[in-house]
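Letters A, B and C mark the chains as written, and numbering starts fresh at 1 in each.
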């Protein structure tokens, strides 16, 4: 059992390394699971992820540039292909096979670039999380971003697993209404890879965001459908339907406010993470303003979370093993923690 | 015996935590003796000082807000009263008694908020330093401020105990005149709780500050009457009287330039402190300009001290146990150090 | 044998501490070989280098000022001469001989101030590096500067010993032309105190810098003549002559573009250094624009080096003992490393 409130860094797992669109003609330096890597798209368009350290003199390859054959070190000009092999050794009589840098497996799909930081022999790309909505831009137009957060990645997952914080952290944006939030019902169930929950708040005034999107005239029934998939992703489907339309039996009806979010919290270090997220609107899909408005509503909400997460992190860094005091509403938090500890013990 | 030049952090003692006027409708985060605390004034006007860490998920309570009943955590809405007890646990079926955060004893008097960071069983508020002049605004109108200084609190006390630094550190403000400063006479005596000294410089041209305040036309006799009270306070009475008026026999005569200062150096960490100070003018008490002018004279003087104290601290941090070389003029410094070591051994 | 890629800090050696012109009427604080020193010019014009810590209360002497007799501490006014002896102790009955601060040997010559940080009994100023060109301003007018670099000093030496980086780090300034750079011939020989190499690139288009200086109309033969002198200096003579004029047999002919550089990388800490450099033009010596133009060409080149050196340092700080992979072109680098390790074992 992991002995601190910081989630374990599991090497043998797939993590989101970058959005596809981030990796263009300039190599990117990024730290993932305590390792500095360089992410680049070679001259043929394939993505490579290598240790960000030239084997010759330890210069960061991310200071180099893309050339025919791969990524050229900016110090003495050695070129490495996406497998990490040196393919050009300028001014030298030979290019020894031992001139190579460590490669990490990379898979690009659905707008994501995934990386496997552990033993390549254990990697299976069938385990990569599927998020088909990114392939369905007509139905689910999406926008996305990435934040660097100074907190252990599991604090971010915990935050998503206990929505009772909406009434306080987000009182000025999507939350508030503490008395209504306190009436939420929640069904929670463990899964093989994490935990799912469905949270309903019935007969509640629609949030200003909802009204702006859908012109609701009455109270709504509002749901939050979340799934945590260990180690580091959360899939979210949220929405609202006017009261009296059997929302709980049919969430896919016309006139529903419906949105999907993807969250991934890739550990940078034990104390920091990269937070990738996308949001897709399942309504007014032909209206680009709908996507932009939704994105612009979400951003300040996450800024509120970041303030709290980084403050919580500072406290925990001083005493990472000191006890917390769970509440009833932490049931999904606890199941998420169980899932990552299970994965950690299975992938030593 | 303490083995470094940094004064010991004695928990079982009263320290100045805040000026009363600092604590309004927003909770304050402050670190005292290495502990993060939140200082707040509850809905009834009473001051509470709690550990700045919610028992639920370690969020800083100082990010919360004052509500009916106490201080509400900004993460999930639990409310704690000034004793640290949870009195509201939103959305939960119970509010267990074990839901509480650590409380520190707080006493508000004379414009000060005092805190006891140690064992509550040992606390006796009769030991709190008395500074009656803050209650006598007609005779001693005062202004005050607080600085954060990157030095051990005892370096600041040492600085106040050896006024020979005035000629050099404050050459541009209240000091200078090294040849006159070198003629100062000083009587020093230990007290039960610290040390007192009285320093006279006779027949000296009045400092520009004195002239501005009192229109002196002749030389003056000038005194500095200081008392250190362990662990962390210094009381100062300073003044000047025209020569030939028996100043040494009667400092309370009309026409005297007379001012009182209160100094408290509350340890934040071993290497940093909060410097609280007030200054009161015992002349022209009906003229608000007199108080403001005096305050404005003092501020740049303290800035000069801070430059030196922080530079000295940087040296000592590298080698805290390396010897210094006391001079004759360090007699009050040495007695102050004896007093805090004595207190430290009595309050383990 | 030193076990990391960071060069050893050898105390018993002469290091460049400052340019003569840096030390005027204000004392300078500088860290050299992990020691804080104050460098000052006393009232008689002699340079003193003392530990930057008053013996009384550890205040930095660099906050003081020059007075008759030496350097006066800004805290309580003690004055120390250039040998570190207290010569004025204000307001005290005696000035004991034990009131002194540690002195370091200082030698000023050729526009340099050299310091010996080790055992004074081992110091011999005949070992100080000779750079006579600074005394020949008519033939070699020079300009100079000093940079603080966050890298171990030997990374900077290594960089100067392998000029194959010019094609990549300096592609935008003095380098570029990777295919020509790859044809360079290099003769390398160890010396008693370091290593020398001579590098030629024949029949190459003149760099824009050369054309600006000399109006070359044809290709040139270009040389780089470098000598490393342990622990921390590099002497450079570089130039170019039009093809067909037997440059390799006579580099001192009229019409040659010829410049001399002095480099010294004084360790500040294991991870940082002070980079002192001068550049002298051996052409158009009567034209002040020639010196200024050359200086202005060099500056951006060093900025390019600094980016790479500091990036390399960050990598090595994480894993200072992890292997690098030398190339054939590292022969002078390897001999320089041998030389400093030899010096380190001789001067324990």
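Descriptive notes on the structure:
Basically, contacts are C-beta pairs under 8 Å (C-beta built on N, C-alpha and C of every residue); 3 or more make two chains touch, one makes a residue touch a chain.
These numbers come from a predicted model, not from an experiment.
Counting every residue number used by either copy at the chain B-chain C contact, under half are found in both chains.
Rotation angle, chain A onto chain C, C-alpha superposition: 120 degrees, expressed as a multiple of 5. Per-chain CA centroids place chain B at a distance of 48 Å from chain C. Annotation for chain A: no residues touch two or more other chains. Considering their complex, residues 5, 158, 162, 164-165, 167-169, 178, 181-182, 184, 307-308, 311-312, 314-316, 322, 324-329 of chain C touch chain A. Taken together, the chain A residues at the contact with chain C in this complex read 36, 53, 55-60, 63, 72-77, 89-93, 98-99.
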